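Each in structure tokens, the structures are laid out below.
Next come two complexes, and both contain subunit A; in the first it sits with subunit B, in the second with subunit C.
On to the complex of A and B.
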């Protein structure tokens, strides 16, 4: 039987309990939505509560297929009421944690209350499955790379680490939780968005360290043969599709080849311009540097991954610099700040991972700071200096740490690219309007994984079928985020019906795809929206910043001209 | 809004124009035509004169006369098998939407392997086929000018479309003479299809000034001339006007696309085997009423094109209601039955509401509605 772990920071206790029967067929994003709605329904959480107060809960959970051999079933989800948006938050990440949590027999770890003694601790689960809170004062304000090194020294290589850096401890609203990769242990997989690291910080929890168990937990199947047959077919299909998937062959950086060409790539704080030199940040340049300096791509971040989109990036001297170096980081610190020095952007990525902060918030915040005259366009060293101030908690650092909107408000900026206080990602919503609809309406706030519709409507910069594409994808991604990695999911679509066999083989019941599409998809979205409504969100929160509606994109001449009614009715099912 | 204008197929138009097919195709250098039509075309004496006309110009004809209504994928694949081995250098389609859609489906499969259902949706990278020449014999489908073909997928019991440059014709002969013998009922059913193209494209998300102008003109023309063509099939002016309106409406929806009315039409047509135009007409008043919420200015245009003045301060609800009543009165005027009169059971009808929201064309509707709301439209239209 699956277990859950309840961590009480007020009393510094850890309790292991059987996992709730009613949550058995939920995981990832669906579980987060249901769990937090249940907290509200049972009076344990006021939906309008201070996200940094004692009522808020920090949850780590696995997907619904964790423990199986289905590829990418070991994503980890971090859930809470978001310190950044004030609404529901599920921050999804790869890395090794999901696998070890499942091997330890845990589907969920919930962290409650605030420490009474102001002390910093970490949660340690040993090889035998014993869990305890350990004093972490020696790690105070340490970067995440140091935290991982310290844990490796204590417990060896067979561990996963989820930790915060100085940003989380300083309670910055853009603080992330960094999660170590499979194999390398680099803390470069990230539950990045919504300030989840700030909540971990206020709870005085520096890290969650899980050792590989002596005896791994064995999943109980309702019909193991059915599950294995479907998983085998799906795994083979995904492996085949991955061979021609640019995310496998190059990494997410390959996205810039499309967005740079068609004006979707954000340039100079979402000015809507084209960026002439985007190829300097393109696939050829990237692969050339990997080959010349001893880095690599095609790395899995979790065991069993067949897409293998991750990478290791070395500096000009051939020394490790960063890993999990992704499109969003490159787009937003890059052309969005008029920077096209890949090495400098890699330094920023490494700093953000080490400080424990969301690169999307940082890239957009720096773009806003440049737009407002705080820095010159293209001043990479200025950005690096500002990130260092953030680490130290001095100067402009704390403002930057609170993310894009905080920076914009502090500088009196006119163009602040956020929705629900969260920065929009590396896609200009005028030139991929379905993505704009997603930014506006997604209960998670403007989000880079919630439904990018690029290439899925007739004309990315036109109106036709954009709402339809956003609706369909938002639902699909809700259930994908509840069971697997989005990048594997994008290759599974022609055989999607087999996801029903996986659910049925694992949990029994009818082979019915609506258990996935409606049960984990539509219902999750509606629950998230209901939570946000109780938290005080209104239709006014489902809007893009005004400048996208009034300023033409210089690349295409488009404004965001989607009829508001289309967004109002987007979630009518 | 930024838009691009799509103008696909140059037509040769007017009474007797189909008689130029032989000399025109010879001038273009074609030698062997794969001629597609249904048996009715032969029985009504339409196909043979055209084939003879080709023959006199030394263009050999390989005939496929097995076109079925709502072209089933299996039939299209069989025809394509014949065409591929025929050595033809041009395809000629004679007939209504079914013949032209069959021709387009055949053309998709000339250089792309079957089954055709794998190409449903927007296809940008299909290998090109042969030049296609269309000779429509009804005024309604507009298929002669569009870049899509509608095919019935037998195994899945639904209609879907291939949208591709491979579906675009090279030439069309719009000869109203070929429509003179069409009885009142099919005249009304095909004519209302053209009307549906016009009112749906004017309220569609891709509408542009060109498609609006074409659609407005088509609505005006159909409103005036379709009742006359129904009342008196020998009225040459009415037949000519209807052919022109059908072509204009076809060009309008090539630009602007159709939406909910056709999703409903496809679902009803596939389930209850109702002719396409009629299936699209059943709920058209409700559909246009629904669009008024976001497209009220366009719905005003429709009313005005139908000769109805909309009060200046009318709300979108009032505009929608006015359009609904006007369009329904028009449908009745041309003698089309409602769903109850057509023998469609209400319960079975209500059950297919989710089929409408799952239709490919649902992506194009002006704003999202639920299956429950579609069912409300069904109820409203059922006995109206």
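On to the complex of A and C.
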């Protein structure tokens, strides 16, 4: 039987309980939505509560297929009422934590209350599954790389670490939770968005450290043969598709080869210009540096991953600099700030990982700061200096730490690319309008994974079928985020019906794909929207910033011209 | 024999990468990255890259994400 851990920071206690039967067939994003709505329904959480107050709960949970051999089933989801958006938040991450949580027999860890003594602690789960809170005062304001080193020294290499850096401890609203990668333990996988690290910080929880158990938990199947047959077919299909998957072959940086050419790549704070030098940040340059300096790509961030999109990036001296170096980071610190120095952007990525802060918020915030005249366009050293101020909590650093909107408001900027207070990611919504619809309507805020429609609508910059594409993808991503990694899911689609066999083989019941599409997809999306409505969100929150509607993209001449009527029917299921 | 995205094609002496990509059903317009035996080949080098018998070509369409 699965278990859950209840961590009470007010009393510094940890309690192990059987996992809730009603949540058994939920995981990841679907579980987060249902759990937080249940808190509201049972009166344990006022949906309008202060996200940094004692009512808010920080949840870590696995996907619904955790513990099985289905590829990428070991994602970890972090859930809460978001300190950044004020709405529901599920921040998904790869890394080793999901695997070790499942091997320990835990599907969910919930962290409640606020510490009464102001002390910093970490949660440690040992080889035998015993869990306790441990004093972490010696780790105060340590960067995440130092935290991992300290934990490795104490417990060896067979661990996973999820931790906050100085940003989380300083309660910055853009603070992330960094998750260690499988194998290397680099804290470069990230539950990045929505300020989840700030909530961990106010709870006085520096880290969750899980040791590889002596005896791994064994999953109970309703029909193991059915599950294994479906998993075998799906895994083989995904492995085959991965051979021509750009994320497998190059990493997510490959996206720039498309967005750079068609005006979707954000340039100079979403000015809509083309960036002619985008190839300086492209695949050829990236792979060349990996090969010349001893870095690598095709790395799995979790055991059993067949996509293997991760990488290790070394500096010019061949020394490790960063890993999990992604398109969003490169696009937003890069052309969005008119910076085309890949090494400098890698330094920014490393700093953000170490400080524990979302690179999407930081890249957009720096673009806004440059647009407002705080820094010159292209001033990479200025960005690095500002990130250091954020680490130290001095100067402009705390404002930057609160993200893009905070920076824009502080500088009196008119062009602030956020929705629901969360920064837009590396796609200009005028030139991929379905993505713009997703940014506007996604309950998570302007999200980089919620439904990027680029290449999936008839004409990215046109209006036809954009709402349809966004709707279908938003539902699909909801159930993907509840089961597996999005990048594996994108290769599953032709055999999606087999996901029903996985659910039936694992949990019993009918082989019915609507258990996935409706149960984990539509219902999750609607539950998230209902939570947000109770938290005070209105239709006014489902809108893009005005400048995307009025300023033409210089690259294509397009504005975001999806009218409100098209948006209104988006969630009429 | 040459493979393009794991489909077999006859090898001819003097054949270039561009020759095989032109004959293949793979759409190389737009954002497509091509590797030869695992190494990325720049678009401007398609016409000067000679193929050898047994080479494996991948034409990889770029998608969004990251």
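Here is the rule we go by: the second predicted complex is superposed on the first by the 573 of 573 C-alpha atoms of A that agree within 3 Å, B and C clash if a C-alpha of one lies under 4 Å from a C-alpha of the other, contacts with A are read in each partner's own complex, and residues count from 1 in each chain.
The rule is short, and it goes like this: a contact is a pair of C-beta atoms (placed from the backbone, for glycine too) under 8 Å apart; a residue touches a chain by one contact, two chains touch by 3 or more.
None of the values given here were measured: they were computed from a predicted structure.
A.B. asks: Clash or fit: subunit B and subunit C on subunit A?
C.D. replies: On the shared subunit A, the partners fit.
A.B. asks: Take the Cα centre of subunit A as the vertex and report the angle out to the centres of subunit B and subunit C, nearest 10 degrees.
C.D. replies: An angle of 60 degrees, rounded.
A.B. asks: Between subunit B and subunit C, whom does A:490 touch in the aligned arrangement: first, second, both, or neither?
C.D. replies: The answer is second: A:490 touches subunit C but not subunit B.
A.B. asks: On the A-aligned overlay, A:471 touches which partner chain: subunit B = first, subunit C = second, or both, or neither?
C.D. replies: A:471: touches subunit B, not subunit C.
A.B. asks: Look at A:261 in the shared chain and tell me whether it touches subunit B only, subunit C only, both, or neither; answer first, second, both or neither.
C.D. replies: A:261 sits against subunit C, while subunit B stays out of touch.
A.B. asks: Per the overlay, which chain contacts more subunit A residues, subunit B or subunit C?
C.D. replies: C
A.B. asks: In the overlay, answer first, second, both or neither for which of subunit B and subunit C A:284 touches.
C.D. replies: second
A.B. asks: Looking at A:451 after the superposition, I want to know if it touches subunit B, subunit C, both of them or none. Which is it: first, second, both, neither?
C.D. replies: neither
A.B. asks: Touching A:247 in the superposition: subunit B (first), subunit C (second), both, neither?
C.D. replies: second
A.B. asks: Can A:561 be said to touch subunit B (first), subunit C (second), both, or neither?
C.D. replies: Once the two structures are laid over each other on A, A:561 reaches subunit B alone.
A.B. asks: Taking the superposed arrangement, what is the smallest distance in Å from a C-alpha atom of subunit B to one of subunit C?
C.D. replies: Closest C-alpha pair between subunit B and subunit C: 5 Å.
A.B. asks: Show me the residue ranges of subunit A that touch subunit B in the complex, using the header's touch definition.
C.D. replies: Residue list for subunit A touching subunit B: 458, 461-465, 467-469, 471, 556-558, 561, 563, 565-566, 569-570, 572-573.
A.B. asks: Write out the stretch or stretches of subunit C touching subunit A in their complex.
C.D. replies: Residues 5-6, 30-31, 33, 35, 40, 42, 58-66.
A.B. asks: Which residues of subunit B touch subunit A once you look at their complex with the stated criterion?
C.D. replies: 1-3, 122, 204-206, 257, 293-294, 362-370
A.B. asks: Under the stated contact criterion, what part of subunit A meets subunit C in this complex?
C.D. replies: 243-247, 249-255, 257-259, 261, 283-284, 287, 326-328, 426-427, 432, 435, 448-449, 452, 454-455, 486-487, 490
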